[in-house]
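The structure appears below as structure tokens.
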């Protein structure tokens, strides 16, 4: 099947909530990118993280095999460096083949409450 | 009226929340696709479900009559196989005629809390 | 200023939550369309409501003056007929001039909980 | 790197929630625009605020340096005038260079509850 989507995606509104309440990892606060690769070739994906007050950090590389998804929690990225919790950031995602990208947040900062958000990232080219 | 929308739609960020709390089916945790067919001909819709670690599963066929909507809970799909709860997945939706597709989640994993998310799926062609 | 946006917008995933908990009207459960008309001429807007099991109902007309917004709760529409609470529906919005449309839900079905969702409607033409 | 995105963005559904519960500023209710400027030149951004019943107010200017993000709480804008809490409004954002814009709400009106929403703003030109 032909690959579907775009090779560049943007999310301006990142901020991993901190702290978390409830059982880990199910109720850990997180930001997450979800990537779907419908094509017949693996996608080499790279994230660049933009900040308010310093130069961008990256690339954070990962791979999405052909005809597969990957849901990647931003909390789990450590190389080249971890994204500090509760710090505003933005994301640029580039892929070697067209993919579709969604961005999700789970927020358990408040005990007994649960907030989720969901956007399709902004596609470019 | 002319049909409105696109014939291919993508949602990378699926995961049916589990467990649920509260009265069924009103407060059952779910993922849902909402399809609107404004045209004068029925839409033959097919879902394909993509996973992290196995080949895609599908098609899951359903029909949206002319000038009608359908809201389909992913929890309710059983043929060719049920989507396992709490398992990450992505969706490809194709339709015989243009439609518009929205994706929603209701999450009642945490007793006394309620979280909802909503995106318009990513349209292609 | 030139009008910005599109003249047709679609929302497949409507369902006014029921019941509500908390003080009215601040915490009443609702579905809402938000329309922004940046142009120099008033927008004549019409909603058509699509259902699962009957013909579409409408038009529900309203007006958004030049350089103004309007936030319209679907709960408040009564002519040609009220939208039944907790009933799935979809929306087609057409406007005499380009506008931009957002769709929001406030859900207070669960006492002590609050859920909100937000999408930009799907633009057409 | 080339700048990515659009120079005009629209959000019809603004309304800063009021009141707030919980520790400030972490749990203060807010509406927020998040802007990512991937390009090599600073972005001069201007917001115009549209209302139901009066002429638009603005511009509210701010700057997003090259290769930087800015997350701006609408609550914090005071010049030319503060946006009244709990008052419906819409936003037009224009930028001197292409940027990408997301709109977020945090709602703590209900003690012990937390609601978040998230949309990519509607891009134009």
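Note that the chains are named A, B, C and D in the order they appear, and that numbering of residues resets to 1 at the start of each chain.
The definition used in the following text is that contacts are C-beta pairs under 8 Å (C-beta built on N, C-alpha and C of every residue); 3 or more make two chains touch, one makes a residue touch a chain.
In this text the structure is predicted, and so the values were computed from the model without any measurement.
Engineer: Quick one: compare the interface residues of subunit A with those of subunit D and tell me same or different, with half as the dividing line.
Structural biologist: different
Engineer: If subunit B and subunit C share one sequence, what is the angle of the rotation that overlays their CA atoms, in steps of 5 degrees?
Structural biologist: 90
Engineer: Just how far, in Å, is the C-alpha centre of subunit D from the one of subunit A?
Structural biologist: Once rounded, the distance between the two centres reads 21 Å.
Engineer: Nearest whole angstrom, what separates the Cα centre of subunit B from the Cα centre of subunit D?
Structural biologist: 30
Engineer: Out of subunit C, which residues touch more than one other chain, so two or more?
Structural biologist: Each of 112-120 in subunit C touches at least two other chains.
Engineer: What's the contact topology between the chains, one of line, ring, star, complete, other?
Structural biologist: ring
Engineer: Considering only the defined contacts, which subunit C positions touch subunit B in the complex?
Structural biologist: The contact residues of subunit C facing subunit B are 8, 10-13, 15, 50-53, 55-56, 88-90, 92, 103, 105, 107, 109-110, 112-122, 124.
Engineer: Spell out the part of subunit A that touches subunit B in their complex, as residue ranges.
Structural biologist: Where subunit A meets subunit B, its residues are 4-5, 22, 26-27, 32, 34-36, 38, 67-71, 99-102, 104, 112-120, 123.
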